[in-house]
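The structure that follows is given in the form of C-alpha cells.
Chain lettering (A, B, C and D) follows the sequence in which the chains are written, and residue indices restart at 1 in each chain.
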C-alpha cells in the first residue's frame, strides 16, 4: 500500500483526489490537512464521501506528512514550496498540484506569481507531470509538478503538430473554456450561480498565469520559437475544459495526413483519445474520467488547422493526472484507480 | 462471470447500466439490443464509453438473449412483457427496469398504462426489487421488477414511519422533484435546454403512473389503509430525485425519537444513509452513486414530520439498484461494482 | 415625476429596482446609496445598465433621502428601521423591501430575527404591501412593508381557499422552491455555481423566517386558526419561486368549483393569472415579469387540493411588487412600468 | 400604427418578436401564421404572453399578409423566398429573419443551402440589415435581410479594424459561442437539457452556413481580400452569443490606439457599446437587450488583437435588430420599443 497524505483537502482538487483515492486499491490515505477545517470530519464537509472515509481534517503536521510515501499538495501556489524541501529531504515523494514547481525559470515564475520563490534550487529536480511527454522521468521523480488544467489540454492538442513540425509555432492561438470549478471552492461573487449561470465571458485576456507554463511546454516540443495567444473563458458548467486550438499549417503540414499524425502520436496512450474524423469532443464525454478527447479539422481545406480538445479539469486536468503520475512513480499499473468511464448524461 | 444482455440500451438507463457494468468485475456484457441503432457502435452513440466497450447494438435476438444468465430490460413499458415469458422459460433471469411487472394487480396496471397486460400470470412471480424491503425474495427471483425512480425515494423515506406505525397513513404527501434525465433520452420540445433550463414546474399533478406503484408499496409497509398525494416536479438539472415527504404524527409518532427510528431501520443497509439531525440531503451528494440519503425533521415541533430524501434517479433509482438486485440474485457481494462515491462537485 | 432614492442598491433587489425604474416614465432616480461601493458608477457594477443610468453609488445621506418623495430600502433586515422614523417624520414615504416592518408583533419579530426592533411604535402604521389584499390601505401608506418572496406566492395561492373557508386551515402545507438569487448577491460557498448547480435541496426545514410572516397573512384571511408547515428548497436556477400548496378540503371545499373560485377571486387583478384547468405554471413564464400564475388541482378527486403558483422572486416577489405599491401610493396607473411580458425562453 | 404580420411565429425568434412588438407603442400585430399550430392561441403556446396578446395562430394567408405594412419572416430558410415576390409586388415591406436573402451571390447561397433559390432576381434589391453598416439603405428597403446571430457579433467586432485597415484580413479567426436557443425550438436529442447542460462543444468546425455571410460582410468592410476561420461552439445556456475574434495587427494596427478606434467608430451607435479598457463583456449583461458590448485587448502587447463581443442571439442577433430595422424603414425613432436594459441577474 502506498501511504499518502493530502495537504489542503478542502478544495475541489482535494475532494476529487479523495473520490479517486478512496477507490484506489493500493492506496491508504493517512492524513488530510486543513487549517480552516481542522477537526471536522471530511465526510461532513463533503457528504458524497459519507461511508467512504473516516478521517478528520487535521492541522498541518510535518512529521506525519514526512511519514507518508507520497504527499499531494492541493493548495494554492506559495504553499507547497514552503514544505517541499523538508519532505524531499525526508525521502517522501511530493506530488504538487499547485503552480509552485511548474515553471523552470524562477524569475519568470516570480514575475507571473508576484512572490519570491522559496526553493528555486529544487526547480531543476521537479518533473513536469505530463505523462504523454515525460513518462520516463516521472517514474523516478522525487518532486512532481502537475500541469495546470488549461496547459494539459493545450499541450496535448498542439503536441503532435509541434513535434512533427507541421505548423508555424510563432502564431499559435489557444481559445480555452473552463467550467466554474476551475476557479476553486472559494466564496467569490463572480462565481455565484446567479452570476455565472446562463452566461459566458472571457477573462484575463491580457495575460493568464497559465500562459508561461504552456509556452514553456510547447517550446520543448518545437524546434522553433513559440508564441501563443491564450484566451481563457468561463462557461456556465461545473466541470470541463474545452480548448479550440488554431495554427497555420506550413508546407509539411498541408501535405500531411493530420488525422493519422494524431492517431499515431497517441496510439499507445491510455488517456488520450483521438476521435474519428468528423466527430468533435464534448466536455460531458469525459466528466469524471481521466481522459482527453481530441479532434482535428482543417476548415474549408484552407491553411488553418483547428484542434478541439476536452478534459475534465479536475481529473485529467488535476487529480486524475496526479494519480496517473503517482502510479508511475510507485510502479503501479498506470491506469489503476482512474480507469472508470465518464458520467453521461 | 455473469453473462448479461441488455435490451434497449440507447436510453439513459441503458447507458448508465453500461457505465456500471463495464466496471463490474464479475460481469460480461454479451449483447445490447436496439432496433433503431442496430449496427452502430455503442461507443459511437455514447463517447463516454470509448475504450470501455467494443460492442455494437444489435437487433433483438431471442436466442442470444436466452443464452444469457441475466437480461436487463431498459425499455419503455409494454416491451419487456412480450419477451419475458420465453426468457423465463429458458431459465434466463430477467431484471426489468420498466413498469411492466411493478404492479401486482393487472387491472390496476391496465388502467394506468392503457394497455392489456401480456402476461398477467407472471405478476405473482415478479419480485419487487427494493432490497431494503425484499432482500430475501430478490435472491431467488427469476423475474425482478425494478422500482421506479420516484417510488424508490418515496418508499425509503416513508418506510420507517409506516413500519413502526407512527403516522396517519391516510393523509401522506410526497412532493417530489426530478432532474430532466428522468424523462428519458427522447426528442421532446419540453425537455430542451432552452425550455427546461432556468425554470421549475409541477407536472402530472392530477395523477402520475408512479402513484399506484408507491401506494402499493406503502400499503405493504402499513397495517392501515394508505392514501398518498403525490406531486412530481421537474427541476433544471440532469440527474437527481429529491422527495419531500409530509405525514401527520400520531400519538406514538409524537412520542418517538424519530432520528433513532430511522437510524435503526437502516443501520445495516449499505445504500441508505440517514444524515445527522440538522443536516439536509442534496442531490449532488449522490450524483453517480447508488445511495439514498435521508433526513428527518419535525418543523417547529408541531405534528407534521418532514422527511427529505435524495437519490440519483439513474443509479439508486434505476441502473444501480438493478445491479444491486443482480448481485443478490447471483450470490455476489451486494455492493460489488456499485460502491463508488458520488461525483462532487 | 416621483423623485426616488434607493438605499442598498448593490444587491439583486437593488439592480432589479433599477432595471424597472429606469424604464418607468414617471420616476426620477435621485440617488442610490451603498457604503461598500460609494463613488463607483452604478453601470460599472451592473453592466446591463450601461447607457441607462449615470449615477454613482453614494454614502447614505439622510438629508438627500429625506428630499425624495419615496425611498426604497433594498437592504438586509435591521437597516431600514434605523432610518425610517426620521424619513417618515420628514414626510418621505418609505417602501421597505426588507423584513423590518412585515410582522406586526414586535416580540414575534424579535424572536425570529434575533434583534431588538428599533421602532416598534411604527409597526401599526406599516401597511403590508400585498395589493391583492390591501390595495386601499396601500394607497395611503406612509410606510410600506413589502412582502417576502415566498410569502407572496404562498399567500396568493391560499387566499381564495381561506377567504371562502374551503379548507382545514390548521394543516396547511407549503412546499416552496426558490432560485438562487433569493439568497442575495453575497459571497457564500453554498451558492457558487459549482455547489448549487445541477443539484436540489431543502433548507431551513425546522423553521424559516418567512413562516411567521406567512402565518400572519394567512390568519388574516381565515376565520379559523392557521397552522402551516413551510419547507423551502433551493433549485439550480437564477430566478423564480414555485410554491406547491396542499390543503385538506372541508365539506364546502369538496362541493365547490375551485377553478371558478380562483378565477372569480382574481378576475380584476392585473398581476395574478389563473391558468386554465389542466395547465400548470412554470417559473420561466414569469421570468422578469410582475406576474403570479396559479393552477388548482384536486389529484384523483380525493380530498386534498393542490395549488401551484409561480412568480419571479425579484419582480412580483420583490422589486416589481414594490413598484406596484409605489404606483398605488402615488396615484399612478397600477401597472405603469411593470407591465412587460416575461423573457421566454 | 404599423400593421405587421409574422410568418412562422412558433419558434424562438417568433416569440421574441412578439415579446418586443406587444410593447412597441406604434405597432399593431395583425396576424401570426403557423401551419402546425393553426387555431391555437398564441398565449397558450407561450404562457409568458398571457394577457399581452389575444391572437390565434392562423394558416398562412397571402392576402392577409399583403394587407400588412410589414411582414416578418421568422421561418427556416427556403420559406420566405417563396412568398416574398408577391408581397413586394403588393407593396408590403418584408423583413426576413431567415437566410434567404443574406447572400448576394445566388450560386454561393445554393452551394451552402443546398436549394435552388426561388427568386435570385430579388437578391440585388435586398438590403442587409446591419444598421451600423447600412443605415441609409435600410431606411428605404423594400426587402430587408436580417443578419444571422453569429454574423452580427463577428462583423461588429471586426468592423472598426477592417474599415481602418489595421489587421491582416487574410488570417482572421472568429471563435464563437452560442446559447442553445440558437438551435431553435426543435425537438432534437442533442439539445435536450440532459445532453447540452453542463457541457461544451464545438460543432460544424469544417464549415458553417454563417461563414459565407460573414466573409461577404467583412469583405465589404475591407480593401483587401478576406479569409476567415470560423468555429462555432455550443455553451450550456439559453441565450447569448460570445465571439472571440483574433487578428494579426499590421504596422498601422500596431501604431494605433485601438480602444479609441473602436470608441470613435461606435460613438453614435445606440446599440453598440465599447467597454472601458480592461473590462470584458459577459453575455448576461445583454440578456434580453438589443445591445452588443465589445472589448479590445492586445495580449502581452504582442501582435495579435483580440476582440470580445457579446449579444443576445434572439435580440441584437435576431428579433431586436429586425425591429431596429423596421423602425428605420418606417421613420420611427430607431430605439423605439427596444431600449430596455438587460435582465441581470
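Going forward, a contact is a pair of C-beta atoms (placed from the backbone, for glycine too) under 8 Å apart; a residue touches a chain by one contact, two chains touch by 3 or more.
Here's who's who by UniProt: A, B, C, D = N-acetyl-gamma-glutamyl-phosphate reductase.
Worth saying up front: this structure is predicted, and the values here are computed from it rather than measured.
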(request) Return the chain whose centre of C-alpha atoms lies at maximal distance from the corresponding centre of chain C. (result) A
(request) Could you see whether A-B or A-C has the larger number of C-beta contact pairs? (result) A-B
(message) Just the number, please: Cα centre separation of chain B and chain C in whole Å.
(response) 38
(request) Let me have the rounded angstrom distance from the C-alpha centre of chain A over to the C-alpha centre of chain C, please. (result) 46
(message) I'd like to verify one number: the distance from the centre of chain A to the centre of chain B, where each centre is the average of its C-alpha atoms, in whole angstrom.
(response) 36
(request) Mark out which residues of chain A touch at least two other chains, giving numbers and ranges. (result) 12, 179, 181, 185, 194-195, 197-198, 236-239, 281-282, 284, 287, 345
(message) Looking at the complex, which residues from chain A come into contact with chain D?
(response) 171, 173, 175, 177, 179, 194-195, 197-203, 205-207, 211, 227, 229-231, 233, 235-240, 242, 244, 246, 248, 278, 280-284, 287, 295, 297, 299-300, 302, 304, 306, 308, 310, 345
(request) Show which residues of chain B lie in contact with chain A when the two form their complex. (result) 12, 15, 19, 22-23, 46-52, 181, 185, 197-198, 238-239, 270, 273, 275, 279, 281-282, 284-289, 291, 293, 339-345
(message) Under the definition above, what is the set of chain C residues touching chain A in their complex?
(response) 12, 179-181, 183, 185-189, 191-198, 236-238
